[in-house]
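Got some structures for you, see below.
One chain, chain A, links the two complexes that follow: it is found with chain B in the first and with chain C in the second.
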Partner chain A sequence: MTFNAFLRAGVACATIALAGAAAAEPLKIALVETLSGPQASTGLLYRTAVQYQIGKINAAGGFNGEKIALVEYDNQGGPVGAADRVKAAIADGAQIILQGSSSAVAGQITEDVRKFNLRNKGKEVLYLNLGAEALELTGAKCHFYHFRFSPNAAIRFKTVALGMKGKGILGTRAYAIDQNYSWGVDVENTVVANAKEIGYEVVDKTLHEVNKIQDFSPYVAKIQAANVDTVFTGNWSNDLLLLMKAASGAGLKARFATAFLDQPGNIGNAGAIAEGHVVSTPFNPEANGDATRVFAEDYKAVTGHYPAYVEPAAVFGLMLFGEALKDVKLDGGKIDTTKIALSIEKATVKTPMGDYSMRSDDHQAQFPMVVQTVSKEAKVKADGTEFGFLPIKSFTGAESIDPVQSTCSMQRPG
Partner chain B sequence: MDQILFALLNGAIYGLLLFMVSAGLTLIFGMMGVLNFAHASFYMLGAYLAYTLQPLTGFWLAIILAPLIVAGLGILVERVILRRVHAYGHAHELLVTFGLSVVIAEIIKIFYGNFPVEYRVPAELQFSAFEIGGGSYPFYRLFMGGVALMMFALLYLMLTRTRIGIVVRSAIYRPRMVEALGHNVPMVFMGVFGVGAFLAGLAGAVAGAFYTTNPNMALELGVMVFVVVVVGGLGSLGGAMIASLLIGVVTSLAVGVKVSIASLLDFIGLGDLARDVGGIFVLELSSVAATLPFFLMLLVLLARPSGLLGEKE
Partner chain C sequence: MTLKRSLLVLAVVAVLAVLPYLVSESMTNAAIQMLIAALFASAFSLLCGQAGMLSFGHAAYFGLGSFAAVHAMNAFNGEGLLPTPLIPLAGAGIGLLAGIGAGWFSTKRAGVYFAMITLALAELLHALAPHLKDTFGGEAGISSFRMAAWGFDFGSTIQVYYLVLAWVVGSILLLYLLTLTPFGRLTLGLRENTHRLRFLGYNTHALGTAVFTISAMFAGIAGSLQAVNIEAANYVVFDAGISTTVVLNSFIGGVGTFFGPAIGAAVMTFFGHVTSDMTRTWLLYQGLIFVLVMMFLPRGIVGEAAEWLKNRKSRHLAIGPLFFRLAGLVLIAFGAIAAIELAQRFFSSDYKATVSLGNWPPVTFLGREWLPFAATTWIVPLALLGAGVALTLIVNRHTAKAAGEA
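Let's look at the complex of A and B:
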């Protein structure tokens, strides 16, 4: 045996060994989030939540005999960066894309994934949407490989209005003020559409630019002139804080019904101004007795803080995803994302908040929502203030979910 | 009528706040030819420093000390960074200040986190000054406007009535001549930079409590401040005042106006046609209120490129 032949045999052995290793292929998940820049605060929360729950899945043995590989990509806050990062992630072998903050970015990613899947049969990529809430994602833009694990505009504003009505704090005159892009427009349309059924009147409505306004007092003057009991707003971040502060400064008596009041820093910054305002979210540490409390404490032990804002929804979504993975039997073979997708549709899981499942018609998740108000009586305080979120009404998944949108026509595989 | 009065008052006070930040920027530009990208960062620093000092010194001392520290930082930036880069021309100065603004924002995030901090108007100042149009008008807004007006008066008097003012104004136009007459021009520049930073810091300390103190506040206000300076005319203090008030009042009034292109076309009977087309035709003026300043800037640049009160170059 010459040295050359020996070398060749060696290479051959190594190739076989490599091929053998590749057979038990690990599932590769790419988190394409906003991890730097002005909008990074929310993206970083998604990262914490995803690391927490993927860690749990891996601790329980991972998938297909291997640990799940989680890779992070920074989309820098915009659709352009996201499109680029999604391409890179797929080129790096990612089979599943995770993303949550910004409906604008989600709109881009879901289209990119849909087109990629059309052109690459058998190598489909899944897009698990952890928090982009614009309706079109499960409407006109819905497709088989997109799953939404968060509430949407319709779910948020149906539950918040019903919850407030149940408590007798809704009143009859309402105002809708929202940001002028897909999400805000969805909120406005939902609020107007629900008016008759739930029993309030939308006296006036406003759309304004996103994150451009420093001084909301002119808008508050308009709300004041409308003389309303409740102000529905899908505003988030500074647009919500500044609106509430301007309202308080002008002595506006109306109650705010919101979707994102629980963003960290809001209660700390607004203080007593936020008291009595209402928000509808998929989680509250007091909502479901021990189950939610244990989860909150465990989350704090692992990540250093109580689950807040977008984190619980992301964790619960990945719980369902983990449950779905258990039913996919590949016996160490090649990963089949279509099988995983079909399994997500069938899976159900009991989260700390209750039953969680995925509606197969449009891939909108169905889970309990809890309407809560900012109060001193809440047991878990927010931002180190004396205030926290006190649950006032809970809704089951079936009660919360909106009807399937007629615009969604999903092409199923096979 | 009350509504309009309310909108005018709101607009004027927001304008005065814009003026406080843009005054420093326009002074620095007029004098040194440096378009200081980091200027809005001084505004942010003022707010965060006041927030940090408030528990130790109380609110009043905090809003005086914070701008002084910011002024010190501004002087340091001029002395240590800008002066070295000055010889390489304006492009380098621009890049340095841009880099500085990014660095300051990131440092703030490291120390104070990504979310807004609990910097609030102290309880003793949270009362309404008077009732107007069914709503109460917060005293603190008047206070912000008052601070800005006082600053404008002081600056104006200093520049027009004192010897320092004469030196500063002449250093803008003929720096070499002033130097030849025995004045220390680099020292004057440093002082002006410090005063500019002080004003921005003061605006931040006062307004940070009313609006929000968060790591993006420099970015949010920064763009508008540049618009003010361009509209008013680079280097003109009076121009900055007029432009600030104009922008504040225009945005404030526009919010209450429900006019779209379609509703204007109603006058010639084409309104319904435009409504069928939708899109830009049905966009109400109130939903683009915050974009109007940029439109104003465009108009001013087209009609009078040097700005409202700017010198012809």
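Let's look at the complex of A and C:
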């Protein structure tokens, strides 16, 4: 046994030892996330969320009479490291892979899992995608053993537009500015496709370089000239912050409709500039009365902070997974991941936000979304500022979900 | 190559040939990555070490090789002209073509300007790739499937390992044989004195382009082997990080020797494979290793080792000081690792979650509990560090004195 394998076995043994004498086979879950390097911050959020919810499942008795063993692997931020770690995880006996922080890594993992399952009938591995939002993953690359538990471009921008319209702040003239790669293109296509149905006009649109632009004022001048009410943008990180700052500097009146405004640090960095802008996410601590508040407080008690950004979606996804496990009866026998997969398709769970289920056609999860705006009136403040996210409209899963993509043709087992 | 060295190389190849039967599947997989990194570094140092042209954009040729391989795998389905074992030929071809174009441009200048041009060309590709979804696959990348060919199904890690091993050993052998030819000698001339070479009547621009092209071609083979291994290619392969990693790996191994870069790349890849699952701070250790190697072993690990072996006989009691220096190094490493790991644990968000008002719980490290404000927590690592530095300094002074007396 190599040292590395020895170490992992040690971790696994320790987990099992806590559960008492091992009789049945424990379910092994591998979290293959970006845990080091420049992109680690999001990966570490997924880690916290996964530890929280797997901890809950184990506290409730685990699965198949055993505690679930959770082992972490560092994918080193890229597809090559991820391919390596997925192989290592499967070799160490993992039956389920979790990941979420990057669509590039997700694209690699979902294909690796698909190929592994083709080559190893009867030993199938599941990939639970907690947050990679590229439409392709439930489109051309969809397959039976991949499940997406997060929103995607279509869900986010349909709900944000509907929510703003319901509140009367959408207006009729819109602008789409996005990063020029597959995610930004997904967003732009969605925004344009929804225009007629929801009732706005996309006056102009721009695709720009990703994370390279320091000064957005030329783009803002173009937006200003278009005289719009709402600016749809899928931008994240610096591209969102600098865009909002340039807009504020130029006195732009339009409201930003975004996907990732709630990324930790954004509100702290933007401050009053972000006020009034809108984001659509799967969670807000004030969205559903006591249920969401209790969840937020419990999460804070366990992890030290309120659930934010990608964490709630990951936790809710694993709630559905935990619910699905309850319906898989193995009587202490061998673990059958295909049965688990079929059970995930059928399960429905009541999360603090409402009903959560999995669409069996393309394995896109269906769950409530809440449209919210940056405001001083929010009870839970973000990044230690006086601002927080105030819910303005909630949508049920059925209202939020996008139609199944025609590019997805899923081969079902049997 | 002397008889001794040939035997050593043969022994290494023999060990590699039986490796999958000695180690776990996960380690075999690590070995595949090490082999690919070794070939990439060898290709890089033909240009950097032997011809003296430091390229900061070799990810471009590696990445193009990767994409050529996935497109070839998808186009031929493992049949016809390019069955699975011959897929790296596609990478070699595209590396060759790109090398001719890029080499012709960049070798017009030398030194910093050459490095800048290679960097610019690579960044051009890096910026362009995300926009061309059909060619480079967008964010989720392009994937392919290793088809069965020649009686192998290439479904298991072991079969992929032997395929990669054959290509890497063959390629490195070719690169070595190249150094024995007159062309290989001229490459060294390019590094030592380009002006004199030109006075002697050689076309140094054509020569530089040729060296660049060969280097890019073998980088393309390495890239395509990676695509064959992970059955996919993603545009992040053009990231500047890939270009710098090969530079760091080669210098850690030692660009002055033929096998140095390959060994450096293999060692550092293995280091990443092992440490990234053990500690969150493995990138810091990688950086520290590079800085320390550059400061104290400027010829690289292999370069210094070769030098030491060469001069071994002329030194008195060389083994003794070496032993004490190694002991000092081990002490320093233990002290530094303990201090870094403890600090990392105390500053992690996991720890923050467990801290409540005035209550600072201990963290576990090496099976022991350490309190954040206890004196032992910080004295132990610092004492180890201090002892290591002191030991090394004493040995250094001692050997310097002995050398002075001799």
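Note that the second predicted complex is superposed on the first by the 391 of 414 C-alpha atoms of A that agree within 3 Å, B and C clash if a C-alpha of one lies under 4 Å from a C-alpha of the other, contacts with A are read in each partner's own complex, and residues count from 1 in each chain.
To be clear about the criterion, a contact is a pair of C-beta atoms (placed from the backbone, for glycine too) under 8 Å apart; a residue touches a chain by one contact, two chains touch by 3 or more.
Everything numeric in this text was worked out from a predicted model, so none of it was measured.
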Contacts of A:E209 with chain B and chain C, given as first, second, both or neither: both
Partner chain in contact with A:Y219 - chain B first, chain C second, else both or neither: first
Partner chain(s) touched by A:D383 [first = chain B, second = chain C, both, neither]: first
First (chain B), second (chain C), both or neither touched by A:G304: second
Which of chain B and chain C A:N180 touches, first, second, both or neither: both
Comparing the two partners chain B and chain C, which touches a greater set of residues in chain A: C
Touched partner set for A:E72, first chain B, second chain C, both or neither: second
Which of chain B and chain C A:E136 touches, first, second, both or neither: second
First, second, both or neither for A:K350, with chain B first and chain C second: neither
Contacts of A:G268 with chain B and chain C, given as first, second, both or neither: first
Interface residues of chain A shared between complexes with chain B and chain C: 40, 44, 180, 209, 212
Chain B contact footprint on chain A (complex, rising order): 38, 40-41, 44, 180, 206-209, 211-215, 217-222, 224-225, 227, 238, 241-242, 245, 249-252, 263-266, 268-269, 271, 383, 385
Residues of chain A defined as touching chain C within the complex: 1-5, 7-8, 35-37, 40, 44, 48, 72-74, 76, 78-81, 83-84, 87-88, 91-92, 103-104, 106-108, 110-112, 115, 119, 134, 136-137, 141, 180-183, 185, 209-210, 212, 302-305
Contacting residues of chain C [partner chain A, same complex]: 23-27, 29-30, 33, 127, 130-131, 133, 137-141, 143, 145, 155, 157, 226, 229-232, 234, 236-237, 239, 272-274, 276-278, 280-283, 349, 352-355
Residues on chain B engaged by chain A in the complex (per definition of touch): 3, 6-7, 10-11, 14, 113-120, 128, 133-138, 140-141, 210-216, 219-221, 224, 248, 251-253, 255-256, 284, 286-291
